[in-house]
């Protein structure tokens, strides 16, 4: 009964929230500053490409140009490495997290500051509804921005190996997009939770990020961090594509009785954990909001 | 005090003041009008902050177009918004303001304490402004406008946000201070009772034009044809008795409204009260209030 | 049964006191909440709205606890003291956005918002962005948002703040209209004159404690130990002294003063009820016609002064 009410309401609640919140996120100048920072390295790469593109060697296969580097290696194999490093460093680990902190604070904390939250709290909807639709909007926007940035970055970097290179390595692009999707789901939930409980989500978000995600990850207890599951998905995805990678490369090991043990999580489990974190933190945040006193 | 002749002020296509002519006498003047009626434009012109598109304006006998610096010495301004630094004490801030207007440190200090004395600020004047209550902040803002001993001070919404007691105090302060120094007052407010308490004259501005200029006392003496009556006990009996004398009372807001015919009506009310054995709490022919006047002129 | 019941409600914010041991019943109609800044008016309103939970005591609104019972929130409208806008929206967007939260369809929400905003005199500006609105327009928008879904209870915190006289007049008429329809309206205002025009029913609070509640004339009667000054003006000035002398014959008249200039007599009594009952009889018997019987002590200003100023304890 209750659940069907919530479901029926959703068609009236979600569209206006989606419209307003996505508008607020997308016209925010800070969003675009972050996007520019995110794409800066690959545009520098574009300059590099124009400077050196004439020195490449190539061979025509079925009318397509396949490029090689000076040592005779396939150029797109080298460039895909560059793309993966740049995207995981810039998009996933750095800007992605900042974007999540910023979005959650704009979605939840800003409403406290504008005092519209008090009005929302006097409307006949549950606090879970207040927070959940905002969270979903945030995930959509964040995923949209990160995924399209990844695509742009991929195209720009892989351009060095020609159309052939771009088509050849698409799998790695899908993998990165998959990772940013789950990153959006998990991080936005965590930061929404922080925003619902605390006054200064920016500061706390960054503190959490540094202490939790950067220091704890890569250690014995890394399974309590989001980073661990992101790396696991990446590791497993690369293995599937056929790269020769080891768990150690991604820090997915711990030492038990002086032996290095692989602790990479199965990708399906990792994905479920991420979705669980997202939903769990949103429900928890809604509880905080419902008990909040003004 | 202020004379405006056919003043026109345009902001692009919008005409804020449209052939505005007024002759404001000395004393305490209330300026009323809806938002965007041209009130604040007029005040800004009178303060020399902006220039007219056409027309002339004289303040305290001096032409504004020619002499804006001298005239500012004679004008004080208490703005509506918060414009005072939180980190200073009241005294520091006022002395600072005095120095800005070109006083020596000695005279600024002396003047500050003199004004704060009139404002009935005790030891609070040595506290930081951030600790002040709303009423005290308003007082400091008023003092800031008076520091250089202007001949006219313009007060913009001086009582907004104050609670009844602080508001009463503020109005009394305005009355007292200006009486002591003989400063002229221009008061812009949305609270019409403030004008009734403080001002001698009232002008109402709407659509960029002067709608009314009137002496407040005279205005308030105009009587209406309604007698306000309040009865204890059985109002029904009273109304019945009144009906017997051929008078129909209507219930209005609080108490009863009895139409005034002539002075005989009062006697009939008293008689009815006796006959119905009711207490007669209130019986008075109502006078025009500023609300009536304002709404009549503006709407 | 009363719509709103507060029973021994105490609320502290950390160590800061909000309100303390307040018990009131609020019936349908207009009730004014008066008190200095920081007296606890807003805190009390937040309890009724379910935005805060009492530290002690119980709040019951329409038979339910407002803090946990979110379903009945569609029957309560709130006009806060502070600005609470999405500045980038137009007034129309803003009102219909919150109507959607009340589970109205897009089309319906927009029509209702349009109707409500026009009724409050914003028909020309409702499509403009809120950030360009004046204070009066903001007030009207807030009121439109709070009343558009036809709530049974309306809580208004300083609704006249910053509004120009026309806006104020309009809002007051609307409130009277709503209260005649049987809605429960609570309003706080610093402008006692406005409250006086709206209603006789008041709640006076200071320092988080309730000082008085009920009909203000009844409250005044309870304070009979403070003598009351009543002005009486005879038509014929020759009667001034005669009447004054006659009145002093009565034991319940403590003092009489003749003001020739104003043409009135100031009578002081500590038994106001008797005074008001007997005065007409005396006037009739002595055949003295008067044009005015009234008392400045009856005004809300004077009552507020006496109670909040604490003179009832003296």
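By written order: A, B and C. Residues from 1 in each chain.
We adopt the following convention: a residue touches a chain if its C-beta (ideal position, glycine included) is under 8 Å from a C-beta of that chain, and two chains touch if they have at least 3 such contacts.
Just so you know, these numbers come straight off a predicted model, no measurement behind them.
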| item | value |
| --- | --- |
| Per Cα centroids, the chain farthest from chain A | B |
| Most centrally placed chain, judged by C-alpha centres | C |
| Chain centre separation (chain B, chain C; CA means) in Å | 23 |
| Geometric centre distance via CA averages, chain B-chain A, whole Å | 60 |
| Gap in Å, rounded to a whole number, between the CA centres of chain C and chain A | 54 |
| In the complex, chain C residues that touch chain B | 34-37, 134-137, 161-169, 190-193, 196-197, 200, 217, 235, 273, 276-277, 279-281, 283-284, 289-295, 298, 301, 304-305, 308-309 |
| Chain A residues within the chain C interface of the complex | 8-9, 12-13, 15-16, 20, 23-24, 27, 114-116, 118-127, 293-294 |
| Chain A-facing residues of chain C, complex | 13, 46, 49-53, 70-74, 76, 78, 80, 82-86, 88-89, 96-98, 100-106, 145 |
| Chain B to chain C touching residues, read off their complex | 32-36, 133-134, 160-167, 190-193, 230, 232, 253-254, 263, 266-267, 270-271, 273-274, 277-285, 291, 294-295, 298-299 |
